[in-house]
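Look at the two complexes coming up: subunit A is in both, with subunit B in one and subunit C in the other.
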Partner chain A sequence: MTQAEVDDTLKRIQEHKGVQGYLIINNDGIPIRSNLDASLTQQYAALIKSLSDKARSTIREIDPTNELVFFRMRTKKHEILVAPEKEYTMIVLQATDVQ
Partner chain B sequence: MSAEQRRAELDAKRAKLEKMRQDKLTKPSATTPMTPNVSSMPVVTSSTTPREDTDPDTILKEVGIHQTTSLSTSSPSISPATTSSSSQQKRRPPTNIALQICQQTSATVSVPPKELVTYSKEVQTIESGEKDPTASPIQHDHLQWDDEFQPSTSGEHNRLVYVSDDDTMSLDENTKGSIGMTLASTTELKRTRSLKQQHKQSSLQGQTSLMKQELTSDEREQILKSDHFQDFFSRTSRLIERSLWESPQAFDIFKDYSGRDLDGQKETMDVGEIIKFDREFFDERWTRHRIVTCIDTSTYHPELVLASYSQNDESTHESDGVVLIWNTKFKSKPTPEYIFNCQSWVTSCVFSKFHPNILLGGTYSGQIVVWDTRTNKRTPVQRTALSASSHTHPVYCLQVIGTQNANNLISISNEGKMCSWNIEMMTQPQESMDLAYRTKPVAATRMVFPGVEVNNFIIGSEEGQAYSGSRHGNKAGIQESYEGHFGPITGLSCHNVNGSTDFSSLFLTSSFDWSVKLWSLKESKPLNSFEVNSDYVTDVRWSPVHPSVFLTCDITGRFDIWNLNHDSELPLLSTTLDGNVALNKCSWAHNGQQIILGDDQGKLRLYGVNEFLTSPKQDDFNKLSNTLQEFKRNTLDAFDDNHPTSVTTTTAGSTSVSHNS
Partner chain C sequence: MSAPRTPTKSAGSKESESRNSRGSIGPAGTPPIGSGKRRSTAGSQLGSPVARSGTASVASPSGTRDKLNSATLKQNATSPVPAVKSATERVEIAENAQFLPSGIHTIFISSATQQAMQLCVDEDLTQENNAKMIDKEILLNDIQTNGQGSNFYEFQQQIQNYPENEIAIIYDYDYFYSQNFLICFDPKLKKFIENPPVTLPIQESDEVEQYVPPVPKKWISLGSEVEIDNERLILNRSLKSFKIKVPTRISTTLTPNEKFKDVDPDIDRKKNFISIEQYDDKQFDLRKMELDLAIQAAPEHRENFSQTIWRYPKNQWTQYEARSFTEDEKAKSMTDPELINMVVTSKDLFKEALQQNIIHDPFYIDWNELGGNLDGLGGPGDSHLKEYQSFSSIKQSRDKIVTCVQWHPTLRGIIAVSLAAGQGFDERTDNLSRINTSPPLILIWSFVDPIQPKLYLEAPDDIQCFQFSPTDPHIIAGGCVNGQIVMWDIKEYEERIRNPRGDHRDKDLFIPGFEDENFFQTPHIRFCAVSSIEHGHSEPITDLQWIPDHYQVTVQGLPTENLAMNCSQIMTCAFDNQVLFWETRVPRAGIKPLSKKEREIINPMGVPLTFKHLDLIWKPFLRVTLQSPETGTVEFAPRKFSIRETQGDRDVLNQEDKELFEKKKDTSLGQFVNPLDDPNKTLSQAKAKVLQNVDTFFYIGTEDGQLVYQDWMPQKDQDSTKFFTPKAAWSTIVVDGPVVALKRSPFFKDVILVAGGWMFQIWREKIHSGSLLHAAPLKEKITDVEWSPTRPGVFYISKQNGSIDIWDIIDRTHDASLSQSISSSSVTFLSIKVISSKQQLLAAGDSNGTLHILEVPWALRQPVNQELNLVTNYLERETERRAFVKHRWDLREEEKREKERLASMKAGIAPSHISTQEEIDIRMKSEYNEFLQFEFGVLREMGLRDENEAPTVTPAAT
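Showing the complex of A and B:
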């Protein structure tokens, strides 16, 4: 994938119905790309990273052969989709839509 | 009487007391538990001796009788004993008292500070960054068990937020105790500050990297370009897109008032409906202005559909060859799962039956390319060389034959060359064969290996003849020809349904001469011809599950579903698509429950097929045999009557199946 295609895909994700924002962080919790404002980005980066680490360690503790692959948190106002990986994590916020 | 008894009791008690005092005199250690107060009193004040005197009186008084006269007489008698004992006790107590003092002082001092701590909780949060990090090193003792927590304390904002979370998470007494210490004593504050510095040094790396990333966007760019990131991004963007598309429906779970209705989301077709439009696949960038040249479905993942497209004449900067894999499982995701490119446009494509991640494509230039879904690259991982030993004309047909362990790719090109390849090694064909029928090279447009055959095949050519041949053996090459069509053969399909009767010698061909013909391998003349189309018929496919059902499509955008058991003259269903669309390719899903149509505008349309066409009964096989008998009889009659057409008009055999025109 070239840089342009990365941008394309991110744009597509962003323009999806209900998506409020996305952010990509590395495994230090430092945001690499985001379309939220700076303070919100920092907050999400830190909070979601720690939650994701906790979730991952939970799964590992219960069964060492298992690993966390994806998780979503559905709240009243929106849904947070988190795709954690070894080196980076992608987080997307999507509003709940009433169809 | 009672008074006398009481007097007796009193005397007894007096005697006991005397005994006890004498015991005290004899035993030095016995006194301490008995008289802590009594012994301490005389030390504190010298005038406590009269108190001692009163004590036996009080003891006696406890009994309830004030016998002051007798007691007073007895008390002076006792008092000298007591004074002597007290004096003696005076000697001993210092040691005892000294011990006791220690105990008491330690007990009293410890209580107050703890109580202070509990009230200062609110104050602690306001004190913000400076004090909290001082506390945090101590808190980190808890967190250091899990290494992942350490790096996240980077950035003041994060620290604040993070620590407040920990207040709720970690053990209450310890955190309170630590914070209480910082509040209470400045010395301890200093200690924790030094700890903070240590912690800062240890996490210095994290903090400096934070500072770096926040400042420079160059590093960000670098990361974005790095391979790791690209890998990660292609994987996770796929995940995210799928879940994004699925989310709106998932929310219905919460909104529905009667959740039972969700199970009925799978809309079943009415009995009257034979097909039902499911969805279409179209990508603005990759499929616009391109013709669908080939469709295949995967055996490993039945929800994946592979489609290859012709070149895009409108835009020259896009690559000529495009192959997309679409996912039918995620109903609302409109983008392809995988996109692959190559240099010249792809004329045929196929999933490798025995390798779950490999796709193969034959191109207009004669090259065969191999793509791998495991890599992140869009370009082929292998390409055949353009040489005389391999193809130099468009490769119109590819098929993977053989078994898991011994498999080959067979390709055929327009010049009549058939090559067999080993998928792992595509630099040179394993063997190549020039197909010629009676010294005339065959310009092959279609090729099929019936069923699980590896040797015998059927070929359709541009001249309109179909040929059967074999790869190896005595008569390697083309053996028989089947003549009947007047135009190039565009579609060739072999019967492939496992059932009670074996119809594997049947095959269908479609051609530019507006007809579709049914053949048997044993007969050189077609068994039947279906002439309902009024334009080029572009493709024909047997259903993989029902023995008498097949699908045709033509260039006017019309597609027909035939059921030979129902009617052998007219299709069961005939639909023409709206707009000026021409259908180029058609295919069935492996389970026979869906049909896929590819048109000349780059769109793939999926239709679901009604159940009665997908689940054949035993009866259907028998019916088909009867129908075939019918056809035979008709052709024989035609032969007898010397009629040139293969469709009969005689009155013989008027069964319910075929009606005479």
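Showing the complex of A and C:
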């Protein structure tokens, strides 16, 4: 898989109904790629990163052999989808009231 | 137990022996080794005789064995009972015996037996070496030879049963257990006696330990030094030193301001110094030599609390910059295979989640959307209007009808009612010459006092309509029957209105000079100004409205922004075919404030001078004269009008440049100030911008039941260059009587409810092909209508028979959902007000001068689920239907034209169509064919022709 295909995948995710944006951050919470505006990116990167770390440690505490793969947060306005991997984390925002 | 034993002791040793042995058997059953528990309790009791015996060596009551050891060296073995011991001691000794382990018994051995058995005290046995093993046989022999005289006789059975050969005899040195010897029948204890367990601790302490200096072992490395090295903190930069300074507490209270100075004692000795000389007090000569003192040492115990304020230096703010990558770094990360891998693996997860949300919303709560209002109209809930209060003034309301009802825009529970005589035109003209002693009034009621109105507003003539200024609620404008506009200013009485108390004792509320007669009476307030008779309406004013505060109308009819954001213009209409616009503000600066004296001269009634500049000279600044589009027909006599803009609706401004307003918005008080107070407040709207979005078209309902769509903006006549009102854009007769109400829906600006006669219709602005809703005529004449302010689909219709119909177009559109009788006489005016989210009041005035306040039930207040959508859809549907109807009209029109053309063609009288020769030939030919057919039919009936001989019809050649 090349970078072009990554772009393609991201584009496809973006094209889903109600998707407001995505961002990819590294393990230090530094945004690598985002299509949100700068300040929002910064906020999501920092805040979601700490949340996902906490979530991951929760899962690991309960069962050390387990691993957090994906979590979704439903809010009044959006749904935040987070996929924390070892080195990178991907976040997608989707509007809740798609209809 | 000790009381009966004491005489036995003194009586004889044998007796006491047997007693003691029995006593010691008593607590048997506990093994000697396990008796440690008991020993601890025993120890404290054992302690006292040991101390008394004077032997220092027995300090520790650690075991029976120690006791036995300690009891060796006593010399008085020959005497069975120690003579020196007192009775109480003996009792204690006897008690000691019971603490012997089971299996050991006290025994008295006489000196003869001692010698025979080599048990001689101080020879064979000493205090230290106090035990001896005696062969079982020897003891049994002794019993046999001596019989009952043997010392061992009572233990014969136990000796015989003893499993081992040797029995331990222990010497009780100080008669601790009441006899000089102890005999042991327990083999375990015997072993214990044979081999005493440890050396005595007292002997241990005697030994002087020699100090041997420890020799360090050779250190062998196992790798820990590396760990230590790793743990070591190595500074790779110089230590930073911070100086943290806590501000010292400087309190003025702690360091008082007093200053001390040296004073010379010689100068003012008498003043400042009192010398107290030393002397001996004889009273204390008796010296205390001895003192009885008792001190109880108590452990010191204190409980203390203290709360400290934790004032430590801490960082309150930290500023940092979010880390971010440069473009290169980002690009580099993007090529990271791990990132690519992450995107690949999480792609499906995202896709699944995203699609799931589209397909089904798991957080959708059906119950919420269901809406709990099953008790809507037609349901079980109460949906009837409830009488909340009613106001009727005995004096003022008689023979009067309520012409208008207005709620106070800001104060709660204040409502104004205008009363009029309700005479017809003829009656009025008849009564013109009579002097009316009681002027017509507007009554201002408060909910707290349903008996007496708060204020009476006097009017020059009957008031048909009035309105509070929406931005300055103390200003009231009213339209008179005589065509004049009347202004009141009740600013001075606002406190009185607001005051919930029924009695009005507050002197400040009264105008000077009125206190005496009117002290407890409702004040009558004279109007401030009336408009000029010549320039105003010549017929009764039927409708009056303040122009919303967000725009104003210029002399040219242009809507411009209102920089003051205050309502200052009034729009009125009357039967004299006119709609007039009035300006209330002072036209120009330069009016000098009057002095107080002048004011009193001009103003004997104490009327506020707010509108002095208008009184009797007030002219409308814009006239809209209504003309019918068709010449020769009757002109429109407006009765009600409705403009598109509503008070408080800032949409138009939002569409315009918003910033301009925010900058200039004047938040000061209302512009209607008494010129005495602020003469400089004048009309200065020089730079006002024209608002393009304000619609200058408005609807007028006329006396003849017409609905007229009219532009108020005057047009310039090409020839005369004069401005005149354009002809009505559209008009049609909609209702079968004078229009009594023309109300726009509070939810849809372009939806108008028009009522008059026995009918009402709902129209939509600019859809002039017909009404959206057209109900069948009611049985009673409609007097007024009112939209519900919270339910888009509900409106109220008051009728002449005193009932109110409630229509809910969601429920049904052909008939009223509910009809309720309110009054015995005709309901004349409706006005609704949202008091709070839980209360809505409908004011209904009737033709008896009574004002009914009705509480709107929950079902009529609370919109049903999706009501706005439903009503919007309904109106959209109806609008579409109108478009369709119009389309069909056009079609039908065309069809009709076509039909007419054909008909006329057929009849041959089409004047526009002259047939050519060919067409005449065709027509003649077809006529001939018809004749042939007819001939054939006749002949066949007569039986002259056969079926097969039908004439060949030659088609008409073209």
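We take it that the second predicted complex is superposed on the first by the 96 of 99 C-alpha atoms of A that agree within 3 Å, B and C clash if a C-alpha of one lies under 4 Å from a C-alpha of the other, contacts with A are read in each partner's own complex, and residues count from 1 in each chain.
Definition applied: contacts are C-beta pairs under 8 Å (C-beta built on N, C-alpha and C of every residue); 3 or more make two chains touch, one makes a residue touch a chain.
These numbers come from a predicted model, not from an experiment.
In the superposition on chain A, contact of A:85 is made with both subunit B and subunit C.
Within the superposed three-chain model, A:49 lies in touch with subunit B and out of touch with subunit C [touch as defined at top].
When both complexes are overlaid on chain A, the residue A:57 reaches subunit B alone and has no touch with subunit C. In the superposition on chain A, contact of A:70 is made with both subunit B and subunit C. Once chain A of one complex is fitted onto chain A of the other, the partner contacts of A:26 extend to both subunit B and subunit C. Once both structures are placed on chain A, subunit A residues 1, 3, 6, 9-10, 12-13, 16-19, 24, 26, 28-30, 32-33, 42, 46, 70, 72, 74, 79, 81, 83, 85, 87-88, 90, 92, 94, 96, 98 are touched by subunit B and, in the other complex, by subunit C. The residues of subunit A lying in touch with subunit B in their complex are 1, 3, 6, 9-10, 12-13, 16-19, 22, 24, 26, 28-30, 32-33, 39, 42-43, 46-47, 49-50, 53, 56-57, 70, 72, 74, 79, 81, 83, 85, 87-88, 90, 92, 94, 96-99.
Across the complex, subunit A is touched by residues 146, 148-149, 151-152, 154-155, 157-158, 161-162, 165, 206, 209-210, 213-214, 220, 223-225, 228-230, 232-237, 239-241, 243-245, 247-248, 251-252, 254-255, 335, 376 of subunit B. Looking at the complex, you find that subunit C touches subunit A at residues 322-325, 330, 333-336, 338-347, 349-351, 353-355, 357-358, 361, 363. Residues 1-3, 5-6, 9-10, 12-13, 16-19, 24, 26, 28-33, 42, 45-46, 69-70, 72, 74, 79, 81, 83, 85-88, 90, 92, 94, 96, 98 of subunit A touch subunit C in their complex.
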